[in-house]
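Right after this note come the structures.
Both of the next two complexes hold subunit A, though its partner changes from subunit B to subunit C.
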Partner chain A sequence: MEEKLTPPSASSGEDGIQQISLQDVYFEYESTDEAPPKEVLHGVSLSVRKGEFVALLGHNGSGKSTIAKHMNAILLPSGGKVYVAGMDTADENLLTDIRRTVGMVFQNPDNQLVATIVEEDVAFGPENLGIPSAEMRQLVDDALKAVGMYEYRRHAPHKLSGGQKQRVAIAGIIAMRPKCIVFDEPTAMLDPRGRQEVMDAIDNLVKKLGITVVLITHYMDEAAKADRVIIINDGRLLMEGKPNEVFSHIDMLREHHLDVPQATELAQYLRSEGYDIPDDVLTPEECARAILGARAGSKKE
Partner chain B sequence: MGIIETHDLRFVYGKGTPFEKVALDDVSISIEQGEFIGVIGHTGSGKSTLVQLLNGLLRPASGEVLLGGNDIWAKPKKIRNVRFEVGLVFQYPEYQLFEETVYKDIAFGPTNKGIKDKEELDRIIRTAAEFAGLKESLLEKSPFDLSGGEKRRAAIAGVIAMQPKVLILDEPTAGLDPKGRDRILDRIRAYREKTGSTVLLVSHSMEDIARVADRVLVMNHGKVEMFDQTKNIFKHGERLAEIGLRVPQVTQVFLELKRLGADVRTDVYTMEFAKGVAMDFLKRTEAAPGIPAEKPAVSPAGTLREEARPDDTDATEGGDAQ
Partner chain C sequence: MISDITIGQFMPGRSFVHKIDPRMKIILMTAIIVFIFLAKNLFSMGAMVGFVALAVLFSRIPLRMYFKGLKAIWFLVFFTAALNMLYIKGEHLVFQYKVLTIYEEALWQSGFIAVRLVLIVLISSMLTYTTSPTDLTAAIERLLAPLKLFRLPVHELAMMMTIALRFIPTLLEETEKIMNAQKARGADMESGGVIKRAKALIPILIPLFISSFRRAFELATAMDCRCYTGGKGRTRLNVLKYRFRDFFAFLLVGGLCAGILYLNTLAPSLVR
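Up next is the complex of A and B:
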């Protein structure tokens, strides 16, 4: 299916300042002794506006993590351009500035923690940026407060729960004062409480600190919280739009082996059975209200 | 008698050191042959400790594990045999693939179990690969050339090839996309149906557990919090939230309806069942007088039909239903 809700062009950045812009990006992994070169991105154009919360979905191997790694110059495009706050990621002289603008948080918190005390871990990044120690105290405290881990500042990271470790890793990124943070499946290894803690922290970054967030996830309920959802399939943009718009295409999502939130699926089913249910249900609360609303109204013809 | 039972099981990490911690206490459970058990609990609740005790990787501080009625530690030197009978697939098992080919990797377990006949071994390997959903063509590849989902399934095939009576999988779908997840759950379900094996699935995904489990074991702080049929477990939404868990999203819909004053059952945890229950609810009340969609719970009682009586004491506005 080739349907697209909005054209996947960079033009969607018109109503805000573009923080990250990918313009017709191609990427191929170089050939090795055993394998020929493999192209994994086939002309991706997308942009992320300042302060926006964007979720990137796609099955494993779709290219979404490859796209994320282009957003702070871990990978450079084989064709096309990537701009971070106007800086060309291919310009080596700008590398430090680009990495300070866009931070990354990965799946496994254990691989991201380096120190034996929480606050030292958070200070590691800013220290490397050469920030004077007078400012450092404030930076670290603010970062830990932003993720709700201030009380744990003197704890040992390895004794924390998965959700707490991941929040410390996030604090370490925040302390470097990036404008944007890219999260690559930050909750994949966490239990339900840990997932909730990390999602609350991300929510806080967007709403209170005004940090632009790009979230890669397999969890549709997490993607439902974003301002915009982008679906990647086979190295191309398949769909983009508001969560309720994208999730209304249940069949197409299924075809590409993606889920929709269960609340959305139930609401869509009742709607297809002729009940007067809104088409933008995303959460259990909205679904319950919609069912009560439909029960009050009469059955549509 | 269950295929696997525990009596007053207790386990302590770091015994005799300042870091001593009781990881498991007072665990007595019984699992019948052929059951599909879901195991849930927050990180650190003791579920991984429990599964390692069940296959003899850890030895209990006190209490016992019975396999087919026999204490697995009766002859400590034979404990290795228990690991063939209770197969454990660890978290992220793909990191434990090490042979040159997938075929050799799957062969490792049954070879160690003592299967020497080449033809029998070959048959076992191919059957295990099929159960795990691995194509024949992948068997001669290096495990490192497989995709994430394929690696995971190769590791599962390696455990299935030991033909265990009890198969335990610790978070087998963690980090996989919906397609990879569905494929693994489907294969496990098919395996269990065909072989009649007992399966324990540890997962953080309530939706996965809801789809496959006959009964659910809920662990909390090293103890058994609940052990009951799946539908009875997910009725306890509030308690599950208190101990760091949750109910499937579709169950949340019905708990919310109830909270808003609707007379609706809440033991709903799969999508198919939910569709039926929601349809029944809508049909049953179709002729009801109008109720504002925004605040149904505060509608005057007189406008509600009998079956929607808002007499639940906890169905007050502003209640906390996550």
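Up next is the complex of A and C:
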């Protein structure tokens, strides 16, 4: 198994290639009256390169959200270092710059929207940054167009569907022109249609705007679209690699209570039944093609 | 259902009154309300009534909306007028029955009070009918800005108002969901006395409170992520700008106020 990655380079991304780098990060929640301090990250090292689409996978309580919250200084490591574009997240003077560089979208769209009108909500970030109103209009319009919500700019957020609200939340981050956006389970509360809308919007960010994306999810199908998948288990990195490499280790994933994409599972099952199907199938389309290919040939043995 | 309740009863439109800058509107409405109290004879009160009537027509809000606003205070108008009629003493007795006495001065006084109340309700409902809550909040923030000198957290208050407006529909929706969930488990909210019904509210309020706190916490994190650090150094997407029509409105109301002061000198005051 490809246990972990290359050690993080010492120079944490001043070369502009590495946007986010976690170096041997430990984190524990402070002790309360009832509970002793609880360590949830046990030495995590990972890095995200510029323009990359990385998916972070793990079951509930694996620490994946905690890792995400380290990426724009909502949480600070109790041991180790986190660098965002070369800035140490522990340096309070850099806080605004760090959050300008790495934006974050959360699970519940309702709890991220601040204003009573869509365009005013999208403007909230730029307003905080003190951008002059003439430039702001352009930023807001561009951000809304990027997620396909421009026609709704004068609407009230509470009248929109879940997927639309989440797209507005994404636009609110895009309007701040970040280099990277971290998505913390952005589709967990949405219906299938909303999920599709949000995933399309994320795809668009990566491909058209060149924004680096870190997607935290427990939907394997979403992770399959990433350039790289990182699997977190129990506060440690378990596996890392291209989606088809990672998902081909079905048994190991199962052992850690993780699913694989349905298409991969089906392909694996057919293989074990003796059909000639590759083991790195990810999407339903790929699977269909592989099955057609297998039918064209005949059954083995 | 309950989420249909509109806040502030804003009715979008394109009338002259709608288009006046919200700050100017608040200032002018305040001036008008002050001068409603300064109009002391039939000439000046007549001018005021005429002006408000014209403003109501020009706002192009259906008249029944104004009547709805008036219905709520009908009793108050009647009650204050009646009390004034009975309690004010004057020189010209109009009517006497045992201890019940009514003077001419009291009649004028109560009439004026009734008209003043009606005018105030009309003019203030016009403000909320023709101005969106967002504009109102922005205008209040700008108008109160000088109070920052006295360390009044003006921006924070406006932010709280905005967030409250944003979350009222969300929380109403949630209340409805919780009520349905409790009903599905056999909660009875419609029968019984006041105490029993108040007790039935507890299983609705507790989950609502818990989720509101969670929302508040998440919202605070999200606002942090969007670089919110308070009002300092913030800019705005929609900057309020005074235009020609705002000065025109200002002149109109200014003229009205001057006119009322002049008309007051033409005849003796009928009220104190």
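Operating definition for what follows: the second predicted complex is superposed on the first by the 281 of 301 C-alpha atoms of A that agree within 3 Å, B and C clash if a C-alpha of one lies under 4 Å from a C-alpha of the other, contacts with A are read in each partner's own complex, and residues count from 1 in each chain.
As a working rule, a residue touches a chain if its C-beta (ideal position, glycine included) is under 8 Å from a C-beta of that chain, and two chains touch if they have at least 3 such contacts.
Keep in mind that this is a model prediction, so the values were computed, not measured.
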item: First (subunit B), second (subunit C), both or neither touched by A:Ile74; value: second
item: First (subunit B), second (subunit C), both or neither touched by A:Pro284; value: first
item: Which of subunit B and subunit C A:Leu292 touches, first, second, both or neither; value: first
item: First, second, both or neither for A:Gln262, with subunit B first and subunit C second; value: first
item: Touching partner for A:Arg236 - first (subunit B), second (subunit C), both, neither; value: neither
item: Which of subunit B and subunit C A:Ala123 touches, first, second, both or neither; value: second
item: Subunit A residues touching subunit C - in the complex, by the definition given at the top; value: 72, 74, 96, 99-100, 103-104, 106, 108, 110-117, 119-120, 123-133, 136-137, 140, 156-158, 172-173, 176
item: Touching residues on subunit C, where the partner in the complex is subunit A; value: 3, 133-134, 162-163, 165-166, 169-170, 173, 215, 218-219, 221-229, 233-239
item: Subunit A-touching residues of subunit B, taken from the complex the two chains share; value: 41-44, 145, 147-149, 174-180, 182, 204, 206-207, 244-246, 248-250, 252-257, 259-260, 262, 271, 274-275, 278-279, 281-282, 285-286, 288-294, 296, 321
item: Contact set on subunit A toward subunit B in their complex; value: 34, 58-61, 107, 161-163, 185, 188-195, 218, 221, 257-259, 261-263, 265-266, 269-270, 273, 275, 284-285, 287-299
